[in-house]
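Each of the two complexes below includes subunit A, the first together with subunit B, the second together with subunit C.
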Partner chain A sequence: MNGDKLLEKMHGLKSVFDEKESELTGLDREIGDGDHGVNMKRGFSAVHEKVSGGTAPEVLKQTGMTLMSSIGGASGPLYGFSFVKMSDVAKEDIDKENLMEMLDVFADTVASKGKVEGGEKTMYDVISKSAELLKESGALKLDDLQALAQETEDMIATKGRAAYFKEQSKGTIDPGAQSAVYIIHALGEGME
Partner chain B sequence: MKKLVNDRERFLADMLDGLKLRDENIDIIEETVVVRKNRKESGVALVSGGGSGHEPAHAGYVAEGMLDAAVCGEVFTSPTPDKVLAAIKAVDNGDGVLLIIKNYSGDVMNFEMAQEMAQAEGHQVSSVIVRDDVAIDNKEQRRGVAGTVIVHKYAGYLSDQNTPLEEIVKKVKGMMESLYSIGMAIAPCLVPTTGEYGFDLDENEMEIGVGIHGEKGIYREQSETVDKIVGRLLDELFKHTDSSRLIVMVNGMGGTPESELSIVTNYVMKKLQEHDVTVSRLLVGDYMTALDMQGFSLTVLDEDQEVLDSLEAETGSKYFK
Partner chain C sequence: MTEILIISHSKDIAEGTRALISQMAKDTVIQASGGMDGGIGTSVDQINDMLDQVQEDTICFYDIGSSKMNLEMAVEMYDGNHTLHISEAPIVEGSFLAAVENSVGTETTQILEKLQEMKK
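Up next, the complex of A and B:
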């Protein structure tokens, strides 16, 4: 995957989040404040508008900076900073090995910035298992990623706004885990 | 959805354009940062902010005696680090900058990231995180709610007394040790950017322990008469304070009529009298709202002469009464 291909994927996420806005809003309304859909949509609309291309690391970095200055909330710095960090390890032509490395950096960044670990019902539950998924199944299929997000449904949130609801946070997929599915699916598309 | 908006994606921009027409003492820089027209030439500069939807917080408190800048995010969404950084740079006069952050993971992350960036550029920046909402058991996770406005006023006063940055941090942290709030709602807010209500509530239900972002409360209960609701909230607060002299704030959530806020106040004062609590200063109004949510929050704070002085001190903000 070179810079052009990556750019196409990042631009493509605009229509994904346009389409998924109400789904994410619905999840966030249950256990948060209902703005995750509109925030992700705004973030990737800005990426579509502002990220103009370059090498793969450059596209990742521009994407990260754009997300950081457009999403806001907690997802802004988490996704934004993660893309900037991934640009440090990305090669100009990203292969499967390199993508695994990037996903590990993605997970580490979310863990350290968000002070989060596995099982806390957050985006980390999807991101942290995606490198392994790619290694084992050789691909990042939407269904497999969705299964990871699905696991957050029965978890009790201990981080983020959902944590205020404790036991009552059970029964809803974490909105951040759900948006992570779409981002990681886009990164892995066509890499099989 | 019926709302007085043009384009939901221009909610923030349109609101700020209007705000500038209503307040001749403010300027808007970098699209979403509200600053005083007459910048302070000396003294610690105060920067706060957060998601929009809490009006008059935070932009309404950008005035002499209170904030130097408010960074406005999208509705209920923390502003981004680049905007917070722009605010810090705009108001720092060399005496340092204090960030007043409400305890939400997004706000904390974005403001602290900006703090690090500003420090790397040589600015002296400290921060305090407000955690006054006792609806949350875990102390570290408590949200910052209406008590934040008292922090703005106290810190603004201290800055005007030429108190150095680290001393302000120390005093504000000390004051926050006894600052407790709890909120309730009888009707959710309609979030204009999504077109959805924050939560759904049956005719006879109320939410106890709501935050200020339209999120559900911690307890859903059968609605009661106001004296019982007030008693219920005060009982929660009395789990945390046993002081006999309190500063009290009755805060409207945005959609509560003034008449009902007066009724709430009446019962709050009666109940406090029954508990032999003397109220040394009473603040009533819409200070920190959640759009058009119907409900109120109560904030209590141990009496302290310096805090009382700060509440009496003049401010150019027409929203702090």
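Up next, the complex of A and C:
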């Protein structure tokens, strides 16, 4: 995957988040403040508009900086900063092995900056297991990623706004875990 | 000399804290920013903009929630020549103490030690 291919994927996430806005908003309305759908849509609309190309690391960095500037709350900066950090390890032509390395950096960044670990009903639950998924199954299929997000449904949130809902946060998939499915799916598409 | 940087979820808190501490420490350089898109929030961009203006080693103060995360990210991406410290002290009391200590000539490391004693 070179810079052009990666740019195509990042631009493609605009239409994904246009389509999934109401789904993410619905989840976030249950256990958060209801702005995750519109935030992700705004973020990737900005990426579509502003990120214009370059090498793969450059595209990652531009995407990250754009997400950080265009989305408020915690998830936007976490995604944005993770893209910036992934650009440090990405090669100009990203292969499967390099993608695993990037996903590890993605997980480490979210863990350290979001102060989060596994099982706390967050985007980390999907991100942290995706490198392993790629290693074991050789691909990042949408169904497999969705299964990881599904696991957050029965978890009780202890981080972020959802933590205020305590036991009541059970029964809803974490909105950040859901948006992570789409982002990681886009990164892995065509890498099988 | 040490500079002070304040990032808050609220423009009024940022400006109010700056006004409060400037009165006590007129010579101390204080940058303050708060709020996002006319509402409540913080962004990495507004912190980056302040960090671009830094001329000396700086102690940074934040208020709640994601302001700390955004501040940490901006500090980690900073590639300027000055040392940036993030203080865990409460935004008003901490920045007030730092500004007053700075105005009487206390070194940055000693200010940081004093701030340690008033963690959130």
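Everything that follows uses one rule, which is that the second predicted complex is superposed on the first by the 192 of 192 C-alpha atoms of A that agree within 3 Å, B and C clash if a C-alpha of one lies under 4 Å from a C-alpha of the other, contacts with A are read in each partner's own complex, and residues count from 1 in each chain.
Just so we're on the same page, contacts are C-beta pairs under 8 Å (C-beta built on N, C-alpha and C of every residue); 3 or more make two chains touch, one makes a residue touch a chain.
What you see is a predicted model; the values in this text were computed from it and never measured.
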After aligning the two structures on subunit A, examine subunit B and subunit C and state clash or fit.
-> clash
Would you mind checking which one, subunit B or subunit C, touches more residues on subunit A?
-> B
Does the superposition put A:58 against subunit B (first), subunit C (second), both, or neither?
-> neither
Does the superposition put A:84 against subunit B (first), subunit C (second), both, or neither?
-> second
Figure out whether A:25 sits in contact with subunit B (first) or subunit C (second), or with both, or with neither.
-> first
Check whether A:120 is in contact with subunit B, with subunit C, with both or with neither, and answer first, second, both or neither.
-> neither
Identify the partner contact of A:68: answer first if only subunit B is touched, second if only subunit C is, both if each is, neither if none is.
-> both
Subunit C-contacting residues of subunit A that also contact subunit B | 68-69, 72-74, 77-78, 81, 113-114
Which residues of subunit A touch subunit B in the complex?
-> 25, 29, 32-35, 37-39, 42, 68-78, 81, 113-114, 159-161, 163-165
In the complex of these two chains, what residues of subunit C are touching subunit A?
-> 36-37, 41-45, 65-66, 69-70, 72-73, 77
Interfacial residue positions of subunit B with respect to subunit A in the complex = 9, 51, 73-83, 104-106, 109-110, 113, 135-136, 141, 143, 191, 193-194, 196, 198-199, 211, 213-216, 218
Any idea which subunit A residues touch subunit C in the complex?
-> 68-69, 72-74, 77-78, 80-81, 84, 113-114
